[in-house]
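Read from first to last, the chains carry the letters A, B and C; within each, the first residue is number 1.
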Amino acid sequence: MSAVLSVHDLRKSYAETRALDGVSFEVRRHEVVGLIGENGAGKSTLLKMLVGLVQPDSGRIELRGRAVKMRGIGQAGAAGIGMVFQEQSLIPNITVAENILLAAEGGAVRGGVYRWSDLKRRAQVQLDKIGSGIRPDAITETLSFADRQFVEIAKVLATEERTNAEPVVLLDEPTSVLDRDETEILFAQIERLRTRASVVFVSHRLDEVLRVSDRVYVLRNGRTVAECTPGEVDEAALRRLMIGRDLEGSHYGEEDQRPPGDAVRLAVRGLTVRGVCEGVDFDVHAGEVLGIAGVQGSGREEVCRALFGARGVKSGTIELDGKTVRPRAPRAAIARGFGFVPAERRSEGMVGTMSVAENMTLPHIGEVCAGPVLRRGLERRLAETWIERLRIKTPSAAAPIGALSGGNQQKAVLARWLVSDGLRVLILDHPTRGLDVGAKGEVYRLIRELTASGVAVLLMADSLEELIAMSHRVLVMKDGRVTDTIDAAPGEKPAPLEILERMI
Amino acid sequence: MTPARSVLAAPETGRATPRIRPRSTLLADLGPTIALVVLCAVFAALSPQFATWGNIRNILDSAAVLAVIAVGLTFVLMLGAIDLSIEGVMAAAALCVALLVANTRNDNDFGFLAIVAATALGACFGLASGLLSTGLKIPSFMTTLGVSAIGIGVATVLFGGVQPSITSPGVAEWASGQWFGLTRLTFVAVAVVVVGVLIERYTRMGRYARAIGGAEEIAYLSGVPVRRVKVLAFAFAGATYAIAGIMVTIQLGSGIVQAGVGQNFAAITAAVVGGTLLSGGRGGVLHSIVGVMIVTVLVNGLVLIGVSPYVQRAVQGVIVVVAVAITAWPLRARMRVVK
Amino acid sequence: MYVSEKTGTLPRVAGASRLTPAARRRLLLMAMPGAVLTVLVAAIALANPHFLRPASVWTLLDSAVPILILATGAMLVILCGGIVLSVAALASLASVLVALWVPALGGAVVPVVVLLCALAGLAQGAIHVVAQIPSFLVTLGGMAVWAGLALVISGAATIGVSGTTLDWTFTRIGDAGIPSAVLIGAALVLVVAALLQFTPLRRWLVAIGSSESAALMAGVPVAKTKMAVFALSGACAGFAGVMLVGRTFSGAPSLADSLLLPVVAAIVVGGTAITGGFGGIGRTVIGVLIITVLRVGLSVAGVDSSYEQIFYGVLVIGAVALTIDRSKLPFVK
């Protein structure tokens, strides 16, 4: 059977990261192909590339035997590829019919004038293909998640009439918003789809992928590392393929990991954030690194933001060194001794137009002020001290931080929490994302030093290997709850597989 | 058969991230109408003159100009943009028409063509607003502020220090003549409203404007010609402002630069109060018209019970802020950035 | 559906030409205003040599002061990414209050009115921050409220002012005949400049204006700072009202209304980005000078003053178009 869709050696780099490093796969007619991989393995970049939201640096996409360049959802739809997005891509305040036929109404809109009965009829045709009872004149936002997903599928199927060819349907984590019943309905839809389209099914729920797919591709570090059929492999085997061995050979400095103190620095009990997580309990000791593992949607990022006051807490207590705290805003948390290095450095971690020194002194401006007066000389000297201590490569303390390389930016952002002595808990949200190997090593070293001085660290990372190597203990979260806490003392580190099992 | 789930049902995954919840638009649709009814009841109770036929005709007549403006503004608001050029466009159109029909300043006597020309002028201003906003990628409030100044400037230049008074008998007829007890201009307003509703419901510009206001990024990526829709919406709005300016000129019998004073604010207030939110994608022409009625009844009622007419503007200012605050209140979030 | 990549924005091409759009914009913002002012002054001086005589220079500067005061306050808000459309209307209200209360309060009317206007500004800022309503909307409403109040309080009439209480705002000092207003304006500029230079205020405003999320996450007191600059802009509006009464010997409900556009134009033309995060008092002074010189230049060139509004409109649109940071507005509404 010839391939309907095939990609060859797709590559894509962002600054210092390689999001895709040579991905090749193919989808054949009336086939369901599963695509799995860890966070950061490249799944969403790949899907976005297939509908033209992202352009590849190199490599080829072939649709029905012809090389194509995707430029956007509209154009991809015209070519016959449609994606059902994880975070829905319907326009909420218009009717289902309008969404299904958006910008492709055909004869239903003539001379700029809408013929509603014709529009509804055409939409109904698509809805019938998936056997859904949704009314075409319903306003989209009044539908449930599951129904909206079906509308999205109908929207993708509408390309059939446009191209007179069977569409390729990309499903991006479709079950992550569905309950059990709705998931069964979705699987039934996929079976129907199989008769008239080809499907790519991306998910981190391995049992579902094995159940639904004809073949499965495994992505790791931006590369397709394996292709298998569900009959040949089981979930355990898939997980092994997902983790593999880190070929980078980063040195995590495990031998420098010292045991934590006895004092409990941070005690969290029953933390509940509405719609995100429930009843989260954990302790972090002075000098300890607690790694938090979980897939997207597990709630781990929100827990950390709640601790920092960046997210409202519905119930639960947070105790810092024995005293209850309820930070209403990051500013309050900072005053108590919290620090936070966000994952999105450019939008949340630093102010790109301000200088290195200004960024460094922002949270604890009091350190360089005498009353209301800013002491610039003092600030410069302070910044220079840290620039030297952390080996930050910058022309001067006054250089705009946006001009530095990613690694140096991150070091400067880290330094801002070290400027004052009062740091007690440092939360690191994917601190080595986008950094080269050398910079990563320096960040690891810094984290080890911090713990030596009694700071408690909460760490989230994309790579399980990094998380395990850096942590004293690993907290695993899934679907908003803590499922396990695993010890990770040096020399007795758990295998990534163990953690992955509890995450998914 | 999957009936639309109730607003309160949440997914049973015991899991996290709340996605877009199913919503009902019932309150938003009925609220303003209920408010209008309540307002009328209150004024009827407070003032015996309020509920008379004479006063009701008064209300309808005074709502006419604002209604026409609101129709055009609705499409701009639907996009999620804002239009601050109303006063400028009205002024320019007012002077334009005053100088083209039979008047005291020159020998022109173009009659109906003058109205067409002034309307076209308004559309051109709107076109400029749309093209500049989308082409130069400037926020619409900035562009329309500039266009308003240009409009006032054009009107001032045309005014040239000597007020053009209209001498055309046809125009005088329209100013004072009545059909069924209402001024002719009121029927013009009704016609504009009907056209607005039809455009909103049955044309690409209307439907796509709503889609763009709902989720512009998605619309754009899906292939909706966003730029074209925006420019058209602004141009149409400009035309309606011009028509309103012409109406004011007919009422006054002369062209003045202040033809549109206070209208920008009143129109925004009317639209927002009626349910056509500034965030875009909500409400519609009829919603805005309900808002126009609320604003007009409020002004009328306040005058009847003896409140100074100067308070109007201040009251409108408070109402608009309160109305937006009410609709924006549920959206408040800790780390939300609002400029 | 999100289009932004988690690893950040698109890559910089390593080692390529440094003139990225952002750098180009910055260059424009830095160099152009000064260059424009120089060219304008030179051009007018060529057309009319009397222009550079000390007497005309002082008169020109004197006429620029009310706009300068308004622009200084407004610039602080714009720097953090907001907008105050209500400054002119508030100044008009202030003029009405001053004219009304001068007989009763004498010289004390100045601090009283300035304080009231500061509170008015604070109220707007508080609504913006607490209800999370866009500042342009709050100040649009504010504009109507202040205008309405001014109309009611004054009975829609101009209120004349007699006596010498406010003479200090509009007199000449010394043999050189330096206008007192210029000295007052200069003093205000120096005070604000000191505030920006010697306290953390400037970097907080820049942080909030260029990246409010990052500012929040770094513990910048965003709410308090915003409310403070709204209050300051109100105080400036009040003070501008005082100055206007001093020179027109009257207070009127729409005395300052026509100043909104020149103020915005001055700020933007001077090189303060309307999106926030870039700008300052020096730029605002240059912008005010450009606007004022332009006005003088237009009359020297024999252009009717009725064309002024058109120029302001075009200027504002053009300046914003050149200086706006488009990367911050992915979908411009």
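To be clear about the criterion, a contact is a pair of C-beta atoms (placed from the backbone, for glycine too) under 8 Å apart; a residue touches a chain by one contact, two chains touch by 3 or more.
Just so we're clear, the structure is a prediction, and the values are computed from it rather than from any experiment.
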Please identify the chain with the largest separation between its CA centroid and the CA centroid of subunit B.
A
Quick note, more Cb pairs in contact for A-C or A-B? It is A-B
Determine the centre-to-centre distance between subunit B and subunit C, using the mean Cα coordinates as centres, and give it in whole Å.
29
Any idea how many Å lie between the Cα centroids of subunit A and subunit B?
43
In subunit B, the residues touching two or more other chains are 218, 221, 335
Give me the residue numbers in subunit A that touch at least two other chains, ranges are fine.
53, 87-89, 310, 329
Subunit C residues touching 2+ other chains are 1, 3, 213, 216-217
Report the residues of subunit B in contact with subunit C in the complex, numbered from low to high.
79-82, 88, 132-134, 136-143, 145-154, 156-157, 159-160, 216-218, 220-221, 265, 268, 278, 280, 308, 310-318, 320-321, 324-325, 328-329, 331-333, 335-339
Subunit C partner, complex, touching residues on subunit A are 13-15, 17, 19, 45, 48, 53-54, 85-89, 308, 310, 329-331, 334-335, 340, 342-354, 358-359, 362-365, 369, 372-374, 406, 416, 433-434
Please output the residues of subunit B touching subunit A within their complex, sorted ascending.
1-2, 4-5, 9, 11-20, 22-25, 201-205, 207, 210-211, 213-215, 218-219, 221-225, 281-282, 334-335
Subunit A contact footprint on subunit C (complex, rising order):
1-3, 5-12, 198-200, 203, 206-207, 210-211, 213-221, 277-278
Please output the residues of subunit C touching subunit B within their complex, sorted ascending.
1, 3, 81-83, 127-128, 131-138, 140-149, 151-152, 155-156, 212-213, 216-217, 261, 264, 274, 276, 304, 306-317, 320-321, 324, 326, 329-333
